[in-house]
Amino acid sequence: MSRLLTLENVHTHIGQYHILQGVSLTAEEGEVTVLLGRNGAGKTTTLRTIMGLNPASSGTIHYDGQDITKLPTFSVANGGIGYVPEDQAVFTTLTVEENLKVAMRKEDEAAMARQDYVLTLFPDLKKFWKKEGGHLSGGQKQMLAMARAFVNDNRLMLIDEPSKGLAPIVIESVMEAIREMKKQTTIVLVEQNFSMAAGVGDTYTLIDDGKTVQNGRMEELVRDEELKRTYLGIA
Amino acid sequence: MEPILQTENLTIRFGGHTAVDHVNFTLPPKEFKSVIGPNGAGKTTFFNLISGELKPTEGSVYFKGRLIDSLSPVERTRLGLGRSFQITNVFPNLTVLENVRLAVQSREGVRYNPFRHYSSYKKFTEESMEILSTVLLDGKADAIASQISHGEKRKLEIAMLLALDTEVLLLDEPTAGMSLEEVPSILNVIRKIKEGGDKTVLLIEHKMDMILDLSDSIMVLFNGQLLADGTPEEIMQNETVQNAYLGGMPHEQTAHA
Amino acid sequence: MGLLMNLTVNGLATGMLIFLLAAGLTLIFGLMSVLNFAHGGLFAWGAFSGVFFYGITGSFIISVVGAILTGIVLGFITEKLIIKPVYGNHVQQILITLGFMLVLSEMLKVVFGPNQIAAKTPDYLSGSWEVGGVILIKYRLFIILIGIIVFAIVQFILKRTKIGLIVRAGVINKEMVQALGIDINKVFLYVFMAGAALAALAGALMAPYSGVVYAEMGLEFAILAFIVVVIGGMGSFPGSLLAAILVGLAGSYMAYFVPSLSLAVNMILMAVVLIFRPQGLFTAKEA
Amino acid sequence: SGADEVEGSGSDETIKVGVLASLTGALESYGKQTQRGFDLGLEYATDGSMEVNGKKIEVVYEDTETKPEVAVQKATKLLEEDEVDFLVGSSSSGDTLAVLPLAEEYEKVMIVEPAVADSITGSEFNKYLFRTARNSSQDAVAGAASIAGEGVKIATFAPDYSFGWDGVEAFKNAAEDLGAEIVLEEYADPAATDFTANLQKIIESDPDYLFVVWAGANSPWNQISDMKLQEKGIKISTGAPDIPALSVMEPLVGMEGFSVYYHTLPDNEVNDWLVKEHTDRFDGEVPDLFTPGGMSAAIAIVEALEQTEGETDADQLIEVMEGMSFETPKGTMTFREEDHQALQTLYAIKLEQQEGVPYPVPVLIRELSPEETEPPIMN
Amino acid sequence: MISKLQGKNFWLIILAAVLAAFPFFSDSRTMTILLTQIFIFAILAMSYDILLGYTGIVSFGHAMFFGVGAYTTAVILDRMEPTLGMFILSVGAGMLIAGILSFIAGLLTLRLKSHFYAMFTLALSGLFLVAAEKWRTVTNGNDGFTFRAPELFQDRTMFYLAALGCLVLVYLILSRFVASPMGRVLIAVRENEQRTASLGYKTLHYKVTASVVAGVFASLAGSLYSVSLRFVNTSVMTMDITLDALLMTIIGGVGTLIGPILGATVIEFAQHYLSGLARDYPIFERWIIFFGIVYILAVIFFPQGIVGWFRQIRAKRLGKREAAIRAKQPVLKAKAEENG
């Protein structure tokens, strides 16, 4: 097993605000790393910094042995990184089909196969194939946002709160999908639903107030009541 | 007792797709009712029909026995139907405080005064601050709404609804994306509303523990149709709900502080 | 009969010319949502450089190609210097492109002199045929032809490639498109250059049509192009074509049948369309 | 000591002239013609000394940008800061009209050049203004004189705004006086690109002549030729514009019309001087449409000053200028007493293709004397 | 907060006083006239900003209201006695007509979405321009006509003071207006119209109000404008006027009242001095190029307008302080309370 992604002491400024003040994390190939932390802790900003959407002001980000700290977003993505943003960022006036078409980096057979798989995972998308993204229900948008990342052959996937707004049964199939995907893809996941986080996560990184507070194996966290209570409010 | 909210054959079609399909439901005053159903079942659309954001293809909505079909969203809000939005919907370039203040101002009916300085309405500001602290957002009062995190925006959304202080509250997934540790405090807020005893609440959520914990009754929408409406126990025993909605998901997410 | 045919053919030709001008704007305004008030400036530069190249080479084809190249180069410069900093901000777009419009028009005078310049029609396209009372002006038929060809090419590119989708997606959420691995800045640059090239082509074709080029021609026609884009339905190519033809024909018919309203015809047309079909004749989606 | 005083005041007593013109914008070329003409005119009238009665003449040019508010700003600046004794201008009628009240307020003589609107010497007249430019009516009368006659059927075609309406109105009166019949008045959107409808109607009305009143770059000439009006037996007539605009009139070669000025038309010493000096100084360029106007304005000022012996008091100036005749590149001009409009020669011409000239050249048919083109008094 | 406001007002009062004293110390009439123009256009730009900056409505038809004021005053002064009373009457009449007009136009068109509204206003004002050109008996077409100003305003200093007075008055009225509860709702409409409605505000009412307020004050500017020239023609109805208002607003900073005033000042001065340079330095012959470059540089260096730029500088200072406070904030304060 090797490290696919390493963040070392990353700082990020947005405008005049110093948002990330020392985030470090690693993602091992084939594992799911869960980012945990309260609202406004900086989880989303961490993912955006990896993507180059809010470039790091100091610290380094290595992906697959390469320094990607300063790369423009599209180059980061083209390195094989998929991103599911927390606000879904569905292209509202494009149909479901067009949303996926824009996302697809290569329209080959493998991609079509992945698309078919995604559509079995989220049958609603197939049902509303020609509907404008903006007209989907909240959960359907979430599905579309995920599908858009899943149609590509990514080595790393950054997923921001996938379970948000999904029906319990769909959450289950998303967990299923993540477990399935792990075979080829490394995943960094932001997740508030602890049962889901615990269900799919291998390791965790706890962020608070823009800093990494703790890294470790998920099993340990599940067992560590103290830590859970202090940082996650879970008894 | 006369229901505070009632629908009759409420239906809307988008093209060929019937999103809400002949829904008849009644909501007694001061009841806490949750709406559940799979994604795309029509829950948000149902809210949109009640709040007037959408016009039904067929059917009617009654508020306190009065037909309100011809009323605009504005008029419905003024009557006492307030709602929060599933997709965060705030004033992006105004401060968090100003977002809430605008709601307070509307509730107070100060809508058209073009001459007094707004800062002379001091109590609006004070009240807004109070509401913000209820939802644990007072620390962000001066932040620009577009610059707060997702979860914080959800709280702001609730704060604005609270500020409107309407008789009926329509809450569309208020805790989606809210952090684990803060869900309890928001739950507390909602519970307080319920315990206050003078509000009627209609809540859309996918977090079952929360729903079971709070609801007097639950209604289930499936493919736009009202599948069931009953006590939490009845609903949990419903086969369709079990198979098509819940699956085998363990529901442990609610913290019991 | 002959009368109606005359009015129709000429209205169509005018419409096609307006379409060519609006085509670039449809790309830039409709797809990328950039309010480019300098579009008329690019158009005028196309017209002047067309006349210039015609003057030194005597070849109409070279003059058109030269104008298109000028458009591409200017498009590149405009996007890099002027448009890039203001994507997504209409208010700033208005200010900066109006400023650039002043620069472009005034630079025309520096480069080509302050006076209007006569534009010649090549021999093989000048003159007209009279067929049964209908006067067919060769150059106008030529413009109709070019209009159809340009429409077909652009429509083909938009339909058969992802470019149209990518640009529309990029306008809705630029960050997300980049996060999908697309260099949206480059795409926007190319689209803008294409739009500028179309404007310049329209200018080069306009010159022989009206027989004269002058520095102020840009502003005069830019508003017309905006009208066409809006009533056509933002970003819809078929919509722009239809709207342009409508404007051309309405101008032609109204001037004959209701001359007292002919000054106001474009404004009336736009007002009517906006009242009865505010989203425009087509929408980008239907296109 | 008396002599000293005179000398003392004489040395700082320069006569200042403020010239308002459109030096940028759509009318830039007109403004520049006025400017060159005025400079040359002063030189000519003072024999190069730039002095009248021992007083130096100084000129200040200001750009009105063809915006009335700027014109007023600049005119006030000229009157207040430069303390000019004369105003001259401007290239657009709107700018000129906006400045007229200032001439009255500051009691300074204003020479209107080359603004053409009738209302300047008509409804908006005040006694301080004198116009060396011809007005719309004179154009129209000249136009009529060059084609109208007993029983001639004429259709008119003009842009749909004041300039066009004034022109047609005046033309109609003059032409009907000469016995012609106006069979159709067509107006088109000045910004139109397609004139089919108008030309179609003109063809239908089957006139002998089509008289066109036009200004602005966007012109109907190409389409007139494409619609084969001439081949249908309709002769075209219009005023010959400045040289850049002439170059787009190739389709009209052979047409008969009138001209305000083309450098080969007048036959007099002043014009010879103008053409020679202008070509010498400006790279072989010949004077154009409004260059002689600028020159005439300068000559008129110097002439008036000579008569008042350098006195710049407006009332004195007005007194000498009313009815004053002076020699210009266009022959003798006379300020009519009633409305201060300079009566002047215009030219009936024919457009011809000439070897080595890249545009159709207006060739003289006959001079239309000041009496012949005298417009009605409208103030 | 309060003291800061007073601080700002203090400086404004000083500025107004200096401006009022100006003509008595300087005998430069050009400057007086230039300043008068600036005052007038500042009023126009402020009125435009009520639409653009406060309510988020882009209008391409503002010249229509300016033109209504200009023509109303011109026609009344021309046909009646040019007295001060008549002038005031004509200003009132212009504002009334503009108010009614903008009310109707607003009701008709403000249901449309952003750029459609913009294009509709363009069409409407285009029709007005045509009407002004065609209704010759009243307007004398595009040649326009001159008229006499009231005796008092023959003196440019008096008119300067009157224009300054109007500017101050309009500024005071509008600052009150935008700071009123109603003004706050306008801003809400700009930010998120649908959300404003769901808070119980009838957004159309607010948009129409904004349009009426903007129209009425634009008409006032128009009245002053025509009196300053003692002349009116169709140029007062052209797109150029709207664009001027738009540019002044943007350059100064949208969504503020000082912005449009600064914008008017900058644009008028830039124009004045650049065209002045043309006389002295041949390379400025094409001064319009430099003028255009001013716009371009303005966007690049002051993307939020001049006022926005000042604010940014201030925010940067405050931001540093805030960041410091933020860092000191006790971690998990909320949580601690909750569990406690």
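By letter and in written order, the chains are A, B, C, D and E; residue numbering begins at 1 in each of them.
The rule is simple: contacts are C-beta pairs under 8 Å (C-beta built on N, C-alpha and C of every residue); 3 or more make two chains touch, one makes a residue touch a chain.
Just so it is clear, the model here is predicted, and its values are computed rather than measured.
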Spelling it out: a chain qualifies if it touches chain B and also touches chain D; which chains qualify? E
If I average the CA coordinates per chain, which chain comes out farthest from chain E? A
Chain pair, A-B or D-E, that carries the greater number of C-beta contacts: A-B
Measuring from the mean C-alpha position of chain B to the mean C-alpha position of chain E, what distance in angstrom results? 41
Cα centroid separation, chain A vs chain E, in Å, comes to 48
Dist(centroid_CA(chain C), centroid_CA(chain D)) in Å evaluates to 37
Residue numbers of chain C (touch at least two other chains): 106, 109, 263
Which residue numbers or ranges of chain B touch two or more of the other chains? 181-182, 184, 257
The positions of chain E in contact with two or more other chains are 133, 286, 288, 335, 338-339
Complex contacts: residues of chain A adjacent to chain B: 14, 17, 37-41, 44, 86-87, 124, 128, 135-143, 161, 164-172, 192-195, 231-235
What residues of chain E sit close enough to touch chain B in their complex? 1-2, 176-177, 179-185, 187-188, 191-192, 194-203, 205, 209, 329, 333-335, 338-339
Taking the complex as given, what residues does chain D use to touch chain C? 24-26, 28-29, 32, 160, 186-189, 191-198, 200-201, 217-219, 221-223, 226-228, 244-245, 247-248, 250-251, 359
Residues of chain C touching chain A in the complex: 162, 165-166, 168-169, 172-173, 175-184, 284-285
Mind pulling up the chain B residues that touch chain E in the complex? 51, 53, 72-74, 77-78, 83, 85, 89-94, 98, 101-103, 105-107, 110-119, 121, 136, 139, 160, 164, 181-182, 184-185, 188, 257
